[in-house]
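Questions regarding the structure given below will be posed in turn.
Here the chain labels run A, B, C and D in written order, and each chain numbers its own residues starting at 1.
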């Protein structure tokens, strides 16, 4: 059963990479990157169970915490064109 | 003007957990994967996340650039100072057995922890300082 | 004694999780624009991941592994919607138009 | 292996893509895949390093570098024939050289019989640390790690000096 789960998650990798390469906008690529991050966590967990070494899970926590940072950095850059600015200095928009 | 309200609240809740996890990776590195380098990077990522969501100035108030820059040589000093300390205690450079005369194994363990802490300080300081300089340019 | 019981119990969770994960990924590949793709990945990111992790928790029994899996599950459920929210807002801000008619293919703005 | 194929595909995508934002995102994907491959190879500590550096820090740093430059790569003027030939010849030589290597993961090779068994057997008794990677890194090879820390120190100082020094001169004219 874990093998089936591993195959499913690996297939999800393939689809997400396809979207990341094809994606017409940058947001598609970011979405695909986010999905690959989640899929990598699940792949780690499933592989840890398949090989009976569940200490891989620490790395999964690292992924989960740091995936958000990369995504937010890209999006913030797009929104403001600058990583340093805070939202309070912005004029009212949206 | 609260544009990113959800992001702000989420970041505020997430930052302590990232720091806690960094410390876990640091001090649990003897038993599981991880160590000083990884923990330093995670701690720096925490500061960067804060700076991304709240802006550079609040992050600079929380972790002043002078502190980050002072951390860079401080870590190397901790590392090298451990070696000097073992030399003063009458053994070779970086031979941690001298740190505890009664039980060399405990000395080794203690020495490894101190040295990893030095690596953590250097790595975190370097990453944060480099991020500050890059992000602060051109403003 | 009943070693087989958690295994049997975890199978439906793992199977359902794999199924939802695949469905979400296919949606990510096949949907026409950014917003619908986000919609599709929410299935895999929350439902599929949660079911897979719950299945693994049942297999692992009551141990440290379960606690770590629970932490991963909480982190996923916490960061996933935040990231998707930021993504949708940024896409809207960059004026990526959703596809409203059936005949139209792809989004109208170029980045 | 699926992951290695995906990595190759992503690398080609990085080379072909001209939009540098896309390149940043793709390199993040690449480091995720790389970490998964390292997990499969049982290199847990290296995978953790790859995950933390590749996913968190390098994306942010590349973006902040991108802020200082243009966001599109310029099309090269001519096809680089000579470098392609050179790279192909080097790759062929390396592939030829791998034919003489022992099979991957075999225990009875020269590398694995020098000091590695002693580390694996004695590490727990001598240092009291269960993770062999940590004990080798910080204790047996302490000098190396000190050198690495010094390298990080030097790199950080160098980046700080370079960026600081250039900021002062064009400040009145550039900043409008």
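Basically, contacts are C-beta pairs under 8 Å (C-beta built on N, C-alpha and C of every residue); 3 or more make two chains touch, one makes a residue touch a chain.
Since the structure is predicted, the reported quantities are computational estimates derived from the model, not experimental observations.
Distance from the centre of chain A peaks at B, each centre being the average of the chain's Cα atoms.
C-beta contact counts were set side by side for B-D and A-B; B-D has more. With centres taken as mean Cα positions, chain D sits 29 Å from chain C. Chain A and chain D have centres, each the mean of its CA atoms, that are 19 Å apart. Inter-chain centre distance (chain A to chain B, centres taken as mean C-alpha positions): 25 Å. Each of residues 4, 7, 14, 25, 32-34, 38, 42, 45, 48, 52, 135 in chain B touches at least two other chains. Shown for chain A are the residues that touch two or more other chains, namely 26, 30, 32, 55, 58-59, 61-62, 65-69, 72-73, 78, 82-83, 93-94.
For chain C, the set of residues that touch two or more other chains comprises 79, 82, 86, 89, 111. Contact between chains, using the touch rule, shows up for A-B, A-C, A-D, B-C, B-D.
The part of chain A that touches chain C in the complex is made up of residues 1-2, 4-5, 7-9, 11-12, 15-16, 18-19, 24-28, 30-32, 34-35, 38-39, 41-42, 45-46, 49, 54, 57-58, 60-61, 64-65, 67-68, 71-72, 75, 78-79, 93-94. The part of chain A that touches chain B in the complex is made up of residues 55, 58-59, 61-62, 65-66, 68-69, 72-73, 76, 82-90, 92-94.
Put simply, chain B touches chain C in their complex at residues 4, 6-7, 10, 13-14. For chain D in complex with chain A, the touching residues are 2-3, 6, 9-10, 13, 19, 21-22, 24-26, 28-29, 32-33, 35-36, 39-40, 42, 44, 47-48, 51-52, 55-56, 59-60, 63-64, 66-67. Within the complex formed with chain A, the chain B residues making contact are 1-4, 7, 14, 17-18, 21, 25, 32-34, 38, 42, 45, 48-49, 51-58, 135-136, 139.
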